[in-house]
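First, the structure itself, so that you have it in front of you.
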Amino acid sequence: MAENIIIIGGGPCGLEAAKTLRDLGYAPIILEKKQELGGHLRKWDRLFPEGVQAKQVLKELTSGLKGIEWHTSVDIETIEKSRKGYTVTLSTGVSYNSPALLLTNGFKLFPAEKKEEYGYGIYDKVITNADLEQYFAKGKDNVIKKPKTIGFVHCVGSRDEKVGNRQCSKVCCATAVKQACEMKELFPDATIYSFYMDLRLFGRNYEDMYLTAQKKYGIRYIRGRVSEVSEDIDGSLIVKAEDTLLCKPLRLKIDLLVLMTGIVPENSSASLAQQLNIELGEDGFYKPKDTILEPCMAENNGLFMAGACTGPKTIPETLSEARAAAVQIHNYLNKSWISGIL
Amino acid sequence: MDFGYSLSKSSTMKIENLENSKFKALAKLEPDATKCIGCGCCTASCSAGVFADMSLRQILLSLQRDCQDKYLPMLQNCMLCGKCMLVCPRGINTRHLILSICKIYGIEQ
Amino acid sequence: MRERFLVGFDPFVLPFLCGMVFVLAYCLFYLVRILAQLSAEDRKKFFKSLLLPSNALKNIRDMFLDCLIHVKLWKRNPNLGYMHSSIAFGWFMLIVIGHIETFMYVPGKAGLFYYPIFFRYFMEVDNQELKGSLLFFLMDFFLLIVLSGILLAMIKRIWRRFFGMRRTTRLSITDHIGLYSLWAIFPLRWIAEGFTAGVAGGSFMTIPINMLLKNFMSNPENFNIAWWLYSIALGTFMFALPFSRYMHIPAEILLIPMKRAGLKVYHPRKGFALAQIYTCPSCGVCIDACPMSANKQNCKDTTVYLVRQLKRNNARRMNAMSNKCLMCGKCQEVCQIGLQSYDIRMNIRERARYNIQLKHNYLASYNPDIKQAKVLYYAGCMSSLTPVIGRSIKKLLSIAKVDYTQMDEGGGICCGRPLILAGKKAEAQAMIAKNTEIIKASGASILLVSCAICYRVFKNEYKLSGIRVMHYTEYFNELIKKGKLPITKGNVRYAYHDPCDLGRGCGIYDEPREALSFVGGLAHAEKERAMSVCCGGSIGSLTLNHEDRKPIVEASISNMLYSNPDYIVTACPLCQKTFSMYSPVEVLDFAQALCNGLQEKDVN
Amino acid sequence: MIKEGKVKIWSDYQKEIPDDHWFYVRSCIRQNFFPAAEVTFLKILREELGKDIYETPRHTTCGGIAYHLECIPQETQMTIIARQFALMTEAGYENYTCSCVTSFGLYSETLETWHEMPEVEAKIRENLWKSCRMEFKVPKYLAHTSDLFYKFRNDISAKAKYRLVNKETGEPLKVVEHIGCHYAKMFPSKGVGGAEYPYVLAGMAESWGGNIIDYPERRHCCGYGFRQYHVKANRGYSLSNSYKKFESMEPYHPDMIITNCPGCHYFMDRWQYVIAEQTRKTYGQNGYGIPVFTYEEVAGLTLGYNPWDLGLQTHQVAVEPLLDKIGIEYNASEKYLGTGGKLICTPEFPMSIKCC
């Protein structure tokens, strides 16, 4: 009978790893906290750089799960390490054994309301990137009604020690560029401003996206972080920032402000780390055995991790890591059997 | 009454109902006007910059924010030598951009 | 021969007659207008030149060779040359012989425009004579020549390559009318003369037609529909002529003496320029020649279309087309009529209006401290972005032990050419004055320039009496020939690119080649010297953007790679920088290539 | 505006404020310009709420103005504060409350510094011993006096005779609350409601019947800024900042401004006159200004105290239109009477702004 491998987290990473493990002859078990598989991908409409439908990617990932066991709405009670591997016990009392454990519990979007001065949850017309994706997917929103001026704020909850995240979230710049272009498509008469500190568009074709945003869509990039947002008497927003390239403070009146919330560790990471004795980085993400040579392996034997639980990643990066982790688990088990550990 | 002090003018650029028509006309005349990434190569290599203030980057940005009055006089120093065109990483046609600005905008005396 | 009709008139001549009168009136009006538009000084110059006997002879020779024989086209492509000269010269001869006949037989009718043209309708043969049949033969012979030309013209519409042309001009509506009526004139004439050949006489072309017709009708000579059609075709052509490319036929007669008088273009569509505009035959040679045509969509901005827009006075298009041009001068070089497109475009640019005027107030306070030396080196703005040029030049100068100093170390005043190219001649004068002051104060006897763009302006616009302005290709060639530079010939092959401003602009083709031949072999480019292709980076173009230039640069590079050189060598920092972006082989500056040929011991 | 969002933030920023037994220190500015405010504070706490609050004439300035003007070094300023703490320790109190927001900021800063760098605290103890032969305990609780009124806002409301509503229409008054910068901007967790949406005054205003207006420049400084005002060359800048605030609140037609900081109170009140002189512009209705109050004055008014006992005659901007609006009874002829019922003097009234 095929060996069970427990995967904690049923997002793109967990799903892809499960498929690879199944193809390698294992019987993966996905444990997902949420009611449905797919993770954050469920909340997204289109993916940069080409604007592929997230739905399609999700469909691809969640289909063909034959030979994979998965459980959603799962609450893990304990995880125990034994000589034979790991035992995961759920709150329902059910427990699973596995010679190796793969953590793919992903990330959490920075809660925008923590950046109080931007007034998310207080001012009507402040929304987040995730809200905007929902709008793109559904096509309607209570707040978005023919905005004339739209602002995008990069680095909300990223590169900001005051809210406890010094790190760059890596994917928000590209998302902001993508979303700004999409908004301009929807509202061609709108003027769109993007407030950035540095534009960190690192991937292939991302610079083309940026160029298109400037040239085709006329998105106006303002180098400067938004310092505060307030509501005006007519309900529009007043945004204060400095145009650091002109060395002048500016005050902008806008109809819609989109906060590009960053990527922070998932809540469960800390407790899982404690139970499994994994070291966390200063940023709260798992620390792998070696950031360059062994990014998918924990210090402890038989414990693997992949995807955004070890830091912000794009979807293709996550999927590659998922496959890599699966192969590493396979190699690890083969080696262990040969040496008779298991 | 003279108090010996008075209200000072705000340095804040207020971007509300921005006067955009001129910039739109500029972008139509020279589409490269929207392509600047603010790297400053044009300013750094400027031949006229050796002798006087000249920053195409700042001028272009000020046009986008409609606060060009202070910046436009710099344009008058340009010798149109075209070095900025060669160093621009975005390949902006800076000479035509400068000529187009000179066509569309004016300097208040 | 004697007249068939005593009245000597038939209504069918009216279409022709009206057309003829219209054309003559139109041409006369524009002749007066063009002359009136000239400045008094130019007008005087023109008439003076016209009256000079040596000039008159030259003018007549040029008119014969250019207007009738189309010598330049023969040089370009014999098929194209034959096509043009057969029609032009053949038609001319038909007219001339027609007049001779009229003078010979009915001198009284010689004053009527239509008589020589429709001679074969109005006359009949009374007795055979040798003189007459020779004329009959000549008339039919030239008709045959013309018809062969027309046939070629038709072929040209579908098979351009046969005439060595890749692209030809898209014709306007009036061009089409003129073209089809021109095509129709001679076959109709052939048929019409065939109808009357029985009574009016004819030769090997018309007699067979007449014999053929006699099989169907008894008296074809009384059937004048063919003459009507012939006259209508002529009339249509005449009416279309002033509004079509065929205006070049009369206009060239004016342009030839005007050019000889040495007039200058002072307005894009007045006076001398207007004469040129009318003379443009829309042949489209400039389309293939234009480096911008590497990108198909630029073809519509070439000189031939500029001329069309100038005729229409379409200001928006005129400006756009003139601003787009690279100002490489190639179209002027290949132009059959020598249309001064460079000057016309400069005139358009100079007329552009700007709200912000460039001032350059800082020039007054700039007083560089320049060491006294024999040679004053001016690197130019662009050279600071290609430091290899300056370094190589300084190395060569110090090896040759030249007493030199640099004029613009750490940044100097621009030479002024970029301003001139942008149509800002007055502003450029300030630069020219300042640089002149600096150069004169330096006490140098040679001004050494390493940028072709600067060189052209130093040479043509500066007044530096007593100071030799030398491009570094000239100067180093001289040094080599004097044995001052110890260089050896290597095994590498260089393809030398003629920068537009240096080659076509200043006529320097041989010096750089000669100098390079001392350090290596020369690989020919597909088109070189006066025919060389602009690198595509020219600051002459105001509106071509980076991405628009790419196909132009690539086409120019492929021209340079024609015979697989090891290096492309150029003598202009802008060409070097432009080529380097896309060239698969290394692009060297001229001085760099010379340095490569330096003997080992001197390098150290 | 989503109220729940603010409520959520307010609930995140609540601080522990002890119920009773306070050692009290006054504010330099208020003692001089609005002395009745502090008197009212003590009166309400002691008489209306029955709390134990102790003050000693031996206490001095906290050194804040001199410190922020860079006239004295931090070490000196900390030693002055240490002396105040020593007075508290001597008196046997552990809860320290100060009337001034500048002081509150400085106390917080000092305590935080000592917390992070115990060696500094040791040095200051040594300084204090050498200079005054005194010793101190660090206070257990530090509160600004507005925190106390915030805590007892509902008790005050229960005893109130008037509410902050328009007596004609029954509509709540439109209240601008202005929090001193040093109250929470330096240490958001030390202020009720945090720094972005402070609740300390908003809570009082709501409890007493008013309606807070949230205008764009709500967060902006009143303009005092120590060096901006005290150096005359910068004074125009100080004025400009207040002007910015008034311009921003103007469209909302506020009825009154409540502040919790001596400087803010003073400048928002006085600058209205200067702005009126320079620009002919007034922000209240019918040529009046917008009256500016301290929270004690507002509490006193709602409790039905005589406006002239609250020192409202010392305000630049006339308060009478507001008193009329609420329906508070007052005797206009008593406005400038001294304690003995004798007319002290009637001030000269400006032309640019109506002052009754």
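Chains: A, B, C and D, in written order; residue numbering restarts at 1 for each.
In the analysis below, a contact is a pair of C-beta atoms (placed from the backbone, for glycine too) under 8 Å apart; a residue touches a chain by one contact, two chains touch by 3 or more.
None of these values were measured; they are calculated from a predicted model.
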item	value
Chain C and chain B - chains in contact with each	none
Greatest separation from chain D - chain, by CA centre	C
Innermost chain, taking as reference the mean of every protein Cα atom displayed	B
Interface with more contacting C-beta pairs, comparing A-D to B-D	A-D
Approximate Å spacing (C-alpha centroids) for the pair chain A, chain D	46
Centroid distance [mean C-alpha coordinates] between chain C and chain A, Å	64
Mean-CA-position distance for chain D and chain C (Å)	86
Averaged-CA centre spacing for the pair chain D and chain B, given as whole angstrom	47
Multi-partner residues of chain A (each touching 2 or more other chains)	none
Per-residue multi-chain contacts in chain B, two or more chains	31, 90
Contacting chain pairs - touch in the sense defined above	A-B, A-D, B-C, B-D
Chain B-touching residues of chain A, taken from the complex the two chains share	191, 193, 199, 211, 214-215, 218, 220, 223, 243, 245-246, 248-253
Chain B-facing residues of chain C, complex	323, 352-363, 365-366, 381-382, 384-385, 410-414, 418-419, 422, 424, 431, 539, 542-547, 574, 577
Residues on chain A engaged by chain D in the complex (per definition of touch)	113, 116-117, 119-124, 228, 230-233, 238
Chain D - residues contacting chain B, complex	232-233, 235-237, 239-240, 243-244, 274-275, 277-279
Chain A contact footprint on chain D (complex, rising order)	1-2, 4-6, 8-9, 194-197, 214-219, 251-252
